[in-house]
Structure formats: structure tokens, C-alpha cells
Amino acid sequence: MRRERVRDLLERVANGSLDIGNAINALSFDPIESLDFATIDHNRALRQGFPEVIYGAGKTPGQITEIAGRIAARGDGVLVTRLVPEAVPPLQALLPAIEVNAFARTAYLRGADAPSTGKGTVAVVTAGTSDLPVAEETVVTLNALGNCVARVTDVGVAGIHRVLARRDELSTASVVIVIAGMDGALASVVGGLVRAPVIAVPTSVGYGASFQGIAPLLTMLNSCAAGVTVVNIDNGFGAAVAASRITHGSG
Amino acid sequence: MRRERVRDLLERVANGSLDIGNAINALSFDPIESLDFATIDHNRALRQGFPEVIYGAGKTPGQITEIAGRIAARGDGVLVTRLVPEAVPPLQALLPAIEVNAFARTAYLRGADAPSTGKGTVAVVTAGTSDLPVAEETVVTLNALGNCVARVTDVGVAGIHRVLARRDELSTASVVIVIAGMDGALASVVGGLVRAPVIAVPTSVGYGASFQGIAPLLTMLNSCAAGVTVVNIDNGFGAAVAASRITHGSG
Amino acid sequence: MRRERVRDLLERVANGSLDIGNAINALSFDPIESLDFATIDHNRALRQGFPEVIYGAGKTPGQITEIAGRIAARGDGVLVTRLVPEAVPPLQALLPAIEVNAFARTAYLRGADAPSTGKGTVAVVTAGTSDLPVAEETVVTLNALGNCVARVTDVGVAGIHRVLARRDELSTASVVIVIAGMDGALASVVGGLVRAPVIAVPTSVGYGASFQGIAPLLTMLNSCAAGVTVVNIDNGFGAAVAASRITHGSG
Amino acid sequence: MRRERVRDLLERVANGSLDIGNAINALSFDPIESLDFATIDHNRALRQGFPEVIYGAGKTPGQITEIAGRIAARGDGVLVTRLVPEAVPPLQALLPAIEVNAFARTAYLRGADAPSTGKGTVAVVTAGTSDLPVAEETVVTLNALGNCVARVTDVGVAGIHRVLARRDELSTASVVIVIAGMDGALASVVGGLVRAPVIAVPTSVGYGASFQGIAPLLTMLNSCAAGVTVVNIDNGFGAAVAASRITHGSG
Amino acid sequence: MRRERVRDLLERVANGSLDIGNAINALSFDPIESLDFATIDHNRALRQGFPEVIYGAGKTPGQITEIAGRIAARGDGVLVTRLVPEAVPPLQALLPAIEVNAFARTAYLRGADAPSTGKGTVAVVTAGTSDLPVAEETVVTLNALGNCVARVTDVGVAGIHRVLARRDELSTASVVIVIAGMDGALASVVGGLVRAPVIAVPTSVGYGASFQGIAPLLTMLNSCAAGVTVVNIDNGFGAAVAASRITHGSG
Amino acid sequence: MRRERVRDLLERVANGSLDIGNAINALSFDPIESLDFATIDHNRALRQGFPEVIYGAGKTPGQITEIAGRIAARGDGVLVTRLVPEAVPPLQALLPAIEVNAFARTAYLRGADAPSTGKGTVAVVTAGTSDLPVAEETVVTLNALGNCVARVTDVGVAGIHRVLARRDELSTASVVIVIAGMDGALASVVGGLVRAPVIAVPTSVGYGASFQGIAPLLTMLNSCAAGVTVVNIDNGFGAAVAASRITHGSG
Amino acid sequence: MRRERVRDLLERVANGSLDIGNAINALSFDPIESLDFATIDHNRALRQGFPEVIYGAGKTPGQITEIAGRIAARGDGVLVTRLVPEAVPPLQALLPAIEVNAFARTAYLRGADAPSTGKGTVAVVTAGTSDLPVAEETVVTLNALGNCVARVTDVGVAGIHRVLARRDELSTASVVIVIAGMDGALASVVGGLVRAPVIAVPTSVGYGASFQGIAPLLTMLNSCAAGVTVVNIDNGFGAAVAASRITHGSG
Amino acid sequence: MRRERVRDLLERVANGSLDIGNAINALSFDPIESLDFATIDHNRALRQGFPEVIYGAGKTPGQITEIAGRIAARGDGVLVTRLVPEAVPPLQALLPAIEVNAFARTAYLRGADAPSTGKGTVAVVTAGTSDLPVAEETVVTLNALGNCVARVTDVGVAGIHRVLARRDELSTASVVIVIAGMDGALASVVGGLVRAPVIAVPTSVGYGASFQGIAPLLTMLNSCAAGVTVVNIDNGFGAAVAASRITHGSG
């Protein structure tokens, strides 16, 4: 249950528009719910500003669907990442309104309340077309968490004028997420162009010695532009959450 | 030259308190200054909010001292990291007011103007006493960039009550920097406790199979707490700059 | 042949309830039995307290079935791990009573005698739902070796209250097995909470830079909680045997 | 403060041999003591059965000495591992009775009460003479934690009769710790010979492609003898604590 | 063309049983034969004692078949390793007498002359049943090169008595090839038992941290038994050729 | 648009054979063209001497086809590498004249103008038949960029006479590209034989410990023949472009 | 002996200015000269265009000096790289005219004839001041091989305007050598800016996860700018030889 | 005690030249002798044809000297490898006749009996002068084990004619040991030239990406010349023992 929703409930109790019995019902869910195979952390939204997200890899379709159902039952928003195709039919059967994005491998169901809005815009920058699936996961997550997004696509450094031409868009963003495979060099160039926080996402795109993303991961960790931070390979979701922590924070 | 100082100059020209000739003198430095062995980027402060920092490793004492002198000559603040002991005497001879911190391996000289102040407090959390030299580099850099710092020391997860006891300090920080070697597990625990952005710094502390910091680096990249971002091994400086991008940003 | 069964035989000879001829027959199997493709160590149960377990990976269905048949022919219990689906039909054809667990990828047939009972309870703790297949292999093996099991599921450190809420169950266990992928941080937290031996099992669950389990493996080897020991990636079987060595030991 | 000492205090209060005022004094230390550079976990002995051990690497001599002094002030035993030579004089100046073992790189001061005695004997087995410094750290730690130790030295598998000749000693141990560098093969052989728990310690001894202990680490993690567990490279201390968890446990 | 066959031709010319014209025909093949996609080294048998062997991986069925045909056309023996199933039908269509071994992934056609016989017996020792496919490739190659083979199967060190029971067979071999995955420890034990040359073959069998054979490869390279040599992972063919160099040599 | 084509246009305007309106039309394409998923760098041919090449891996058939169409619409040549089979039908539907090479995984459509011709011949040398797919990608790319090619196939160092026999062809080449997997040793031998630039391409061909090309990559980076340079594993395309930079250069 | 010198000798014989006896003396050195510890390849200059260069690492001062003396005795130029300080005095004692460059760790003695001059200029570009020792080795080698050099220093991508400001110098070079540590991103940016061949040299400069140069090595191998080639870490010498092969070639 | 010496004793008893009492004395040493820090395997010479060799790394000078003394007391030969300089004086004090080779880091004392002579000659081939210390260890060991040695020095493949010029020496050897760092390519070339067994030793010589010998290790494991076997990095001793197993064998 999101922080906003709890506050709303309490205000409605305070002003008499909600009686105490119904408020208790709404709040009476146990913050931890134990299934046979999962311990759902229903308080996470309250504590962290976003509900528990379901990481689909390694879970059976049945497990994904049941966890999603429990979260939805509380009125919280549901986000599934790394969704395997087999899980889509049972998920849609249970939650017909859920939006499945096959390219991003996500499913998203809005909660009862809109997410609180983050400050400013998050720029999502990709080096090449092959990085787009990761970018899509990033954008879906950013939207689910209440952020405004601007895309800057296919501006890798082999043609440096492409990124320089988009300098204004980058300069006005609150946070910049740079997604790149192969040499990952775009993160350093962008890191040197903007004052805003830069979050780099290495992707597993490339020839042999990119080693499924180790090459851009190391490039980004070693960025000569100071203050670039890095998330795991192909982890567009993590970058989006990190950006949302910034746009929703007091910092 | 910091952005604030340029604005101040222009305002003083506008209100007549500075005549144009002197303003031109103050602004007339070339933004790129070429030495035989370095191309100093004097504009970086203007572009990025902090002046070019001198990375001491691999530079001779003479090179460090000459670059520091050129930056100081403009009235900008000077920060040297990874300072080798041999470079201290010539540096202090040229810039007697510079503050050398042997534990952090830094030297810092305040610029003509105070740095602009970041929003809120940055918490610097360490897992163990052996992580303190990296934390010290972080704190020196945060201070140089105008941030308010709170330290939370030696609260590794082997005694989980230690970090839980400091939960309030963590919850009120604008940004939390977690510094840990060995298993690096503290980053995940803190990442789950707070809503603020969390920046993790792996350190090269530990037994054989920490591999000079690879173990905590991987732990942090794989944090089960969503939205934790990571910088290079022992890179306290980088974490401080990343935090300062957030505290000085619009996000 | 288990140690208990040999003792039983000898006691029955001693009290006259078994004549010597039949006892000889029962004991007359050669302790090493050579097939074309395997040398079965029938004495292992006697020497180590558990019969030779069949590691299914890399063996043909025919080989698995023949080895299982030879072990069952002696009245010993049969345990197959990493069972490939193709081996299930011939195995069930030969040994109809064998219990196949597709989730754990195991097959188990009870021996003529119950296994000796281990002291206390073994807690099997998982960080996330995706770690459950490894946990299932652990539980099947623990049961086959005569252990009492308590499960603590999906209590990863991103919501630290989940594991703290289960502290009592952990504190009363004789041995705690912690199964975690991604950052593997749960092992350190649990290692700091309990006095009992802690055996950590890294799993191959996670994004790119978990490198199929290397990240949690290194985390666990570098645990800041002293005295945590580690087994191979996804090796729930090995952890169970290690725990059973403890619960059946004199230590 | 050890669990035994607390029980003793309470019993003396119960039977009138200690008045309440003095008991309160003895118990009144805050369980967490914060120095500038360390947060000492005085409760660890109570919670885990052994006091906080000081890992000397990366700490200054002054830090080591101050932490040791605080622990000794409570009457708890002090154990320092990875002790650098520079820290020995100040440590001995403060705590003259401390026993320094240069070969093991440890310092040990007995606490006010003897440690509780573990069940049985822990066998410490080494493959070669070059593994002895790690074994020495293991033995010092085992003794500090109240264990009885039997050494089996230089019985590497290149002369398999050496370890077979010591089979009886191995078979009667409660726990067996196997310390080996190079190929690390001894762990598998011992794991197949005994029923007791086997803890393997890889060492950084060997030619180039042992890669400072990675080779025996991998050997031990992949042991074909089921139920062998592993600790970090050269981590004799960790193996000793793991063994002591077993000998002091209910398992 | 094998060295023996050339000598035979020349002797038959010398004693008049072969006229010079036919001898010239038999010898007239160019020692290097260039196809579009291959440069066949027909002289290799003469120079090295075995004909060029066709490594099937990465070649199309058509390429494999054409090269095999060219070698067979000279009366030399043909050996294909790493044979993909698609190449079997065209190969058998062209060379109906070729013997395909699906388990070993080899195809072998005897040459016009028997291979010269190696001195003594080569023992092929495997640690587990899962190592048998590599052993089978070894045995097929050894036979093709004229060696006498003794198999010792499934004698891994977890039950050390299994290999000790076969000590006599090992002691009388001219060369011992040890094939093992997982911990690879068998190579060290055998290396310490016998005086003969020992060639170790790591296999890609095992749990996660065997890393497709890196673990046993490192074990074997670091063998504490002096004078064990190693070939590539799963390279049973290479071990066989190395052994045959010894059995056919003057050493 | 290639540099030659621009010059030609301008010359035709200068001599009156092209009126200004048509010239404007031909030149009026924006040098950067933004699709939803790609930012095409139409100026690359002008700047670098070859048009933007489409790297097919990780792109959908629709994306590949649309980018190819946009480039072809300008009269530039189209080259697609790492073409997945699913992309072939839509590509051929749109551009019927495109030449698909399934072995090389490329598609190539000639541009309106022939590419400018490089100086001399580029020798493409392979160690084994299994390296041919990479060589084919190299040759297709070299031809597309206007180079004359000589192939030297299957001359690996295990039969050193094979490469020595081709010494003349190697000595007269302007650039030599050496393509080898397994030990990659051919690059060093060729590097020592010729005076021309040598570009080495490691391939992912080989047994286990070639690690998908790491082994030959390291061999080539460590070549004892000075001045050998290296490209990524299996990157025949990159080697061809590097060679073409040389043959079209002023160096 | 260089190719030019041989031609000169022959021409002087042809035109009568050198009598045959002296010509024979000059040519009579054996092309391979065997010392106890070295086999000097005096023909290399003739075959490859540069004399055998002495790699100083791992050689004793005596060995270096003796080899240098033998090469100098023929009138060939002497170049020593990776010169250890202890070897300088004996080398200068034997060859007083040799130029020692401590920063580059080289020693160079001009030969009897000037080296043939390469076409155009080689640009040597560095990302940071810490990369200068490698650049210096590159420049000394380029000069020794007859090349004209232009330096572009400290233009790393964190301030992208620095390299863009030097675009003209880069565009007119025959070959560009890019030397960078940390993220190595400069190679990709330069590779996209120029048409000339680009040779990238990773350096071992940087924080922990640069892993002594692995990070920039991987970046450069994965460069998104096509046709960038790479040499070994810190191998400025190799890059210089590769460049010189191009400037002296027919390509 | 060597096999030859035991046979000699028994023959002297048989023919009456030695009385039984003295024979008993000579044979009465226990085959395993236990020191505090070592378990000496005096039977190894009998079992394996060479006495236990003392690996000096990681042992104290006192330990080395005491073990050497015990072996010498039996009349067996003593060989110490990886001898640290500090151990030389005490070793020479105890055993004045011992021959110390500082370059090879060995000490050798002949035993009472000459070692049995191996068949043929072992060729020790090095690629470069920097590989000589490893070669020296190899030669000392080969001589100690009774082998005849031929050296072929500095014949790396960058000048392929150097090794071709020594082809006759290589062809007549019983075993060829190839020692090379950097690219390690010499092993493949030699492996293709000779029929004899080839043992390859990678050395830790080279630039950054040789990774202290990993590069040539991988090259040699992946040799395209079939039947090359490999020992550990810099392990000249191991190669010598492997060769001696061949020259003393029945194969």
C-alpha cells in the first residue's frame, strides 16, 4: 500500500468521510503475507515508495500469477519484469486489465491510486538499436513509478555528433540513464556533458569479447567522467528504480 | 571557475560594482590550458558544478604540483586524490594553505568562493573499520563539493542490530553512501531500509577470494534491494561526486 | 548397506532369530560392484552413513536405471539427483515405488530400513521464490538422510524484517542452510543471528553480473559473519549431506 | 561477555553470593560501544558463543590496540587475526599478558572465564608444510574457542599412504578441517574417508596457475565427496569458527 | 601415407616385387592437397606417425565428407572427431565401411595398412560414469593409432579403495590417462601411485562452480604429484595422441 | 553518401551537366535521420569512407529492413552483418537485388557508385576450415569497401610447411588478415614473415579451454611478432574495415 | 642489417666504389648469431624493415648489454624497451652514445644509416597525464623506425570538447594511436572522427575494477567505431611498430 | 631410497658381501618419517623412481634444511626447488657439498648412487632469453633424474627460420620440452615438427595481457598440433619429471 493511500485514508477518517470500521478493514492486511513459496512484503510501498515488484525469472507461471493476485487484491499496482511468455495467459486471465509489453518483457497493472509524481524528467539514452529492449523495461518501470520520460535513441559515440545534437535535452533532465553495450563509451561522454546524476546500464549486446556485457560494465565502472554510477548488466528495471529514488527524494 | 563565481562577476558588472576591464581580466583565462603533459579543463566547474579534480596515481610530483598551481591561479578550489607521499612537499611548498589528509590520501585547497551548498545530508556508512580510508576520501570530497555529511561507522551485517540502531539517521539522509568490503552485504540491507538514493562502494578489504574487491562489487551489482547503484572498487571520490550531483540537482 | 542394517543382522544372529546361512547371504554382496560403466560403492552407507547417491547429469537413462536397480537390489535406499526427464519412465518401470519430484529433479526410493534420525531440526532458508528448486533438492535429500526439516521461505534482506520475524525458528535449529542467489547477502545476516552451524548455497538466479551464481558464491565465501561455510552453486544436495554429517555426528 | 559468565552472575545473585548492586555493575556495559572508528559488538559472545574477533588487516596499530583494550576491559577474551608486526608493541604495552604467535599472525588474551568446552576433537589436517601458517591460525582460534585439537601434518595425496596411515585419528574426530593449496585434492579424499563434517580451507600456496588459491578453492567446491563445505582462501580463522559452531551445538 | 607403407613400397621395389611405374603412381600424390576450404596435409602420417585427423566441429557435413574422401583415396586411415549427427549419412554414403561411434562422436575407417603397434598398454581411467563419453573418444583414437587399451572405470577418490583395488593394472601400464570432472582429484592420486607418464584430461562434468571444466583443469595443472601433464578440457583425442607419441617413441 | 559521389555531383554542377535544383534534391537529405528506434548516420560514408553498416544481432527483422531501406533510398550501398535468417525474406522483399550470403551471415546491396578502390591486395589467411565463416564475413566486407582479396586457406602451424609454401602471396599483400581459433599461433608466424600490417582475428573455434575465443585472443595480443594488431573475437567485419582504412589511406 | 644498407653496398660494388673483398666482409656476418642465452636474428631488419628489438624485462643486465653489443657491431640501430635501471650503467659503458629515456624505459642507439622515412605523420593521442609513460615508449619507437610524430595529450572524453578541438590534427594523420586507461572510451570517439587507421593501446592506469588494464582492453576490442585495432596492455612499442608497418607499406 | 640401491643391497646379501645385520640397518629407516612440520615420504624414490623433492616456496629456511638433512641421511639425493636466498646459508652449512644454482633457484646434492639413466636425449627448447630461468630449473631437474639434455635457446616463432634451422636436433630427441611465454606459439610449431612427446611449459614472461602466464597456458592447452601436453606456469620442474617418467618408462 502506497504511502499516499495511507495518508488519504487517515485524512478521510479525520474529516469524517470514512468511518473507523471501514478504515480498519482497509488497513487490516497483514504487512507480510506468507504463501507456500513466497513472503510478500506488502509494506514495501509504504517504506520505499514503490510496491514489491515481481521478478519473473525462475518463477513458475502459477507462482507469478498468485503473487500478482495478492498484491492487486490490496489495490496496489502490480509490476512484473522478466516475464516469460508462458505466464502471460494465466496472468491476463486473473487480471484482464494488466498491460503486457512483450518487447520489454513486462506486465503492469495500475493501482487504485496514481503513483506520486517525480520531479523533472528522466532522460533514457541508448547507444544503439540493439539496446532498445532494456530501454523499454526502463521506461515501463519509470512510468509505473510516476516519472516523466524523454527518450534519446541510437546516439552511440561512433558518430559523436549524434549525441552532441541532443545536448539540450540531456542538460535539462533531472536524471540521465545511459544504456549501452559493446564499448559502453557513451556513459563517459554523457557523464562529462551534464551536471545531473548519470546512471549507466551495460547491456549484453556485442561480439565475443563483450562477454555478455562485462566489457561495457567495466567501461562504465571505470568512467573517466566522475560520478557516473552503474547497475547490473541489462538491468533497466534497477536503473529506473534508482532514478525514481532521486526524482522522489528530498536531495 | 565555478558557475556561482561567474554569475557573481556578471551581477557585479550589472550593478556597477565591478568595472568591465577587471571583469574581462577575471574571465579572460582560456577555458582549456595546455601544458606539455596535461590539457586542463578550466571550464569543468562551470559545466559540471565542480572543478577538475587531480587524480594523483601515475602522475609525477612535478606534474601534480604544476596542474594544481594552474587551477589555484584561477581562484578555483584544488582537490587531489590518490596523492602519493612524495608529492606532498612540493605541493605544500607551492600552496602552503593546502590541507593534506594522509589517511584519505587527499589534498584540498578551498577556492575563492565557497562551493554551493547541496540539499540535505549525505550519510556515509561503513561496514568495518578497515573501510575507513575509503570513507575518508568520500568525506573530504563531499565537503569540498559543499555537502553536509553524517557518518555511520562499523555497522556491518554480522551484527544486524548495529545498523538497525542507526535507522533514523539513515532515513533522514538525502543520499546514502554505503562502503563495504568482504561480502558487501550492507548495501542490500540499507537499500531495503531507506527511500533515498543509495550509492554502494566496494572496497578491496578481505581474505583471498574477495579478489581485491571483486566480491563486494558483484554483491552490490546484484543487490536484491532495487535501485542501488555502484561505483568502482575503493572509489570513494566517485561516490561523493555522484551524491553531490544529486544534492545539487533539480531531481 | 546402512550401518544400522548390519548391526541389526548381527543382533538377530546373536539372538538366534536369523540363521547364519541367511545372514551370510544378506552380507555376501561384494562391497564394490563393477558394471561396464560404473563401479558401485555399496559400502559407502556403512562408511559414511548414507548410500551412494546417483548424480544424474551426464548419465544416460539406461545407466541411471541400472545403477539404481543394483542399489535397490541390496535393500539400500536410492536417491537420484539432477534427474533428466527422459530417465523417469525407465526408472519408474523398474522401481514402481520410487518417488519422482520434478521440481527438485530427484527420485527417491526408501530402503528396507528407515535412515537413522539426526539430532534436532535443519532449517532451510531461502532468499527468494526463484531459489525454491534448489531448496526442494535440499529438503528431499535431508529427508532421505533421516533429518527433520523446517522451511523459512522468501526472506531476502531487501525486507530485513522478514528474516527478523523468523528469528526464533532460526535460533532453535541444529543447522541452518541458507539458499540465495543475486547478492547472497542473506547468509551473512543469518550467520550473525544464530549460534548454530550455517551452510550457504549460492544459486544461479539473477541478472547478468551474477554470472550464473559466481556473485553469491563470492559473497558467501567472504561473509563477514564468521564461520559460515559454503558449497557449490545450486548444490542443494551437498548442503543437505553436510548438514546431515553434523546432525548424525558426535560433535 | 560470554553466555556462561552471564549465567554464572545470575546464579550467584539467585543464591545470594552476589548482591544486586555489583551484578548490575557487571552487566551495565552497553552492548554496543561506539568509538570514532568502530562499533564494538559486546553482545556477540552472548549471541554467538564467541566474542568479537579483531581482523587486523587494514586497521592501524592504534585502532587495533584501542578495540582490544575495550574488549579486555569487560573481561572478555581478545583474539586478533592477521596481525601486522607494527601492531605488536603497542598491543603488548597495553595488554602484557597477550600471547603473540608470529607464525599464525595472531594475538590472544584469555578472558576472565574459560571458554565453554566443545564436544570431541577437531582434526586439523594439512597437505604440505607450506600450508602450516594457515593451520596455525586455525589451531590458535580453535583453542581460544574451547576446542581440543589433533594435528595431522603433511599428508598430501601425492603419497596416498600417508593419509591412509592416519585414518584412525581422522575417524574419531568430531570435525575434520582440511587445509591444502595446489590441487586441494586432499579434501575429497578425506571427505570420502570419514563420516564427520569436513571443512575445507584452500590456501594460496603453489605455482602460477593456482592463482593465489583459486585452484584449490574450485577443487574443494567441486569435491566429489558429498557434504564437504568450504571457507575462503587462507581463512583458517573462519574454518575454526565453523568447526566450533558444530562442537558447541546441539546438532 | 604412413611411414610403414612407404618403407614397404620401397622394399618391394628393391626386391623386384613392384615395378617402378606402379611405385611412382602410389607415391605420386602431392603431399599438400588444396580444396577450396581445406589444405590437406597428406604428409602428416609420414612426419608424425598418424594421418591428419578431421576435427568435425565447425565444419559442414559436405566439408567433412570431402576431406574424408580425399584421405581415404590414398589408402590412409580416416578418423573424424566431434562428429555432428548430420554428417553421418553423407559420410556413410561415401565410405560405407566407416565405423561410427555415436557415444564417442567419432567415425573411423581403417587404412590399407594396420597402424604400427605401440609398446605396452595404455590405461584409461575415469573418475565417474559421466566422464565416459570423453573416455570413449580416447579409446577410439588410441585403437586407431595402434595401441592396446585397458579401461579402469568409475574409480573417483570419494571412495579411495576403488582406485587402490586397481593398483596393479595401473602399475603395469606404459602410460596412464586419467579422465575426471568435478574436483579432478583422481589425477593427483594416480600420479602418486605410478611411475609411468600420467596424462590428465579434465571434463566439463559438474555443478556450477566447475565452470564447464575449469575446476578440474586447474586441479590437474596444480597436481601435487610431480610430472602429471594436462590436455584441454574434454580433449580425449589429444590425450590419446600424446600417449601414442610415447608408446611409439624411442624414449 | 560517399565522398566520391558528393565530389561528382559538385563537378557536374560546375561543368553544367547538373542543374542546381536537382543537385539540391540529391544533397537535401538530412545527414542524421531519426526513426523511432534508430538514428541513422547518413554522413558516415562522407566522413569515414564507408556507409553505416547494419549490425543485425539484437535487431528485429522489421528494424533491419527499415534501416536498410532508408540507406538504400539515398543510393548508398547497404551492408548487413550478423543477419538472422528471419530477416532475410522481408529484406529481399524490399530490396530484391540484395545479395544474401548465408555462410557469412551478410546481405549486401551495391550503391549507386562503385566504392573507391583500395591500394594493393588484402590477404585473408585462415588456420583451419572451421574458421571459414568468419573469413567469409571478412571477404564480403572487403569487397563491399572496394578491396582486392587473396585467400590463403587452412594453413595452420601444426603443418608449418603449408604457410611457408604460400610465403610469396603473403609477402606481396598490402595488408594481411590472419583468422585463427584454438591456439591462434598463426598470427605470430605470419607476423614474423611479412613486412606489411598484420591484423589478427581470433575465432571461437575450439575445445573447452579456448573459452569461445579467449585463448586465441590472448595469444594474438601477446604475439612475439611485433606490430600485430587484434580485433574482437569472430569480428571479421572489423578486421576488414581496419584493412580498408589502410588500403584507402595516405599512410 | 637494414634493407637500405644492403642495397647501398650492392650499388657501391656495382659502380666500383667498394671492392668486393670489403663488401664480402660487410655482408659476411651470419644472419643468425648464437650466444649461450640468445639467438640473434640479424636478418630481421632485412625481412621486416626494423632490427630485432631487445625486450628488457626478464633479462639480466649482462644479457641485455651483450645482445646490444652484437647488434651494434653490425652497424644496426639498437632499441631496448622495458629497460630496468640496473642495466643502464653497463649498457652506457659499452655504448656511450646510446640515449636512455628513463620515463619511457628505453635506450636507443642510431644505426649507421638513418631509417627509411615513413609516409605522413603518426598522431599519438593520450586520454590522461597518467598514460604518458606508455606514450613516451611509443614515440621513441616511432622515431627509431623513421616516423614523424604529432602528440595530442590529455584529451579524455570526460571533456569531449578537448578532443574535438584537436580534430584537424587527427584528420591529417596517416595513422592515429590512441592511448587510454580507465574506460578507454577515447578510442571509440577518435575511431568515429577519422578515416585513417586507428590503433588503440589500453593502459594499466585506474581504480580497482580497471584490473590493470583489462577494462580499457575490453572497451577497445568492443569499440563501436568499426575498424579500430588493439594491441596489448601498456604495449606502446607494439603500437608503434604496427603504425610503422603502415607508414612504410605499399597499402 | 632408490630402487637401484635396494636391489644392490639385496644382491650383496645374496652373494654374501653384506651381512644381514648391516643390511637391516641400511633398510631399517621407517618409510614415513614425521617431523613436527612435515611427513617425509622416504619411499617415494622406490615407488616413483625419484626421491621426494623439496618445494621451497612457503617453507622457512629451518624447515627446508631439516627436511634436506633427513633425506641426505639416508643417502638419497636431495633436490630443492624455488629456493629462497635466505635458505642458502643454513643449507650449505649442513650439507657443504650441495650445489646451489641461483639462476634456477635450485639446490642439488647427489645421492649415494647415481640415478638410473633415461633413454635418449631430452631437448629443452626456449622461445626467448627471458624464459631461461625456467629452463634452468628444468635442466637441473633433468640432470638430477639421470637424463641427457640438449638445449635449443631463443628460437621463438617471430623468426621461424631459427627453429627450422634446429630441426635435426629436435627430431632426434626422445622428448621435447618447449618453454615459452607471451604467445606460447612455439609449442604448436614444434608439436607439428616432431614425432616425439612434446611437453609445453608456459612462462609468466610478457606484457599486461599475458596475465602472468595465462595467455601462453591457454595457447598451449589449445595447441592445434595434436598430442602436446602442458604443465603449470613456470613449472620447469614438473616438465622435467614428466619427461623423466617417459625416458625411464617401458612405453
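First chain written, first letter: the chains are A, B, C, D, E, F, G and H, and each begins at residue 1.
In this section, contacts are C-beta pairs under 8 Å (C-beta built on N, C-alpha and C of every residue); 3 or more make two chains touch, one makes a residue touch a chain.
Please read these numbers as outputs of a predicted model, since none were measured by experiment.
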Common touching chains of subunit G and subunit B: A
Self-contact between copies subunit C and subunit E, residue sets same or different by half: different
Rigid-body rotation angle, subunit G and subunit C, from Cα fit (steps of 5°): 180
Candidate from B-G, F-G or C-E with the same interface as A-B, over half of contact pairs in common: F-G
Subunit B and subunit C, separation of their C-alpha mean positions in angstrom: 50
Averaged-CA centre spacing for the pair subunit H and subunit A, given as whole angstrom: 61
Subunit B and subunit H: spacing of chain centres that average the CA atoms, whole Å: 55
Of all residues in subunit E, the ones touching two or more other chains: 128, 158-159, 192-193, 206-207, 209-210, 214, 217, 221-222, 226, 232, 238
Pairs of chains found to touch, sorted by chain label: A-B, A-C, A-F, A-G, B-C, B-D, B-G, C-D, C-E, D-E, D-H, E-F, E-H, F-G, F-H, G-H
Residues of subunit C touching subunit A in the complex: 128-133, 153-155, 158-159, 161-162, 165, 181, 205-210
Complex interface listing, subunit B residues touching subunit G: 32, 34, 36-39, 41, 43-44, 52, 55, 57-59, 63, 67, 202, 204, 212-214, 217, 232-235, 238
Of subunit G, residues touching subunit F in the complex: 47-50, 53, 118-120, 174-175, 192-199, 217, 221-222, 226-232, 237-239, 241-242, 244-251
Complex interface listing, subunit A residues touching subunit G: 127-128, 156-160, 164, 182-185, 187-189, 191-193, 206-207, 209-211, 214-216, 218-226
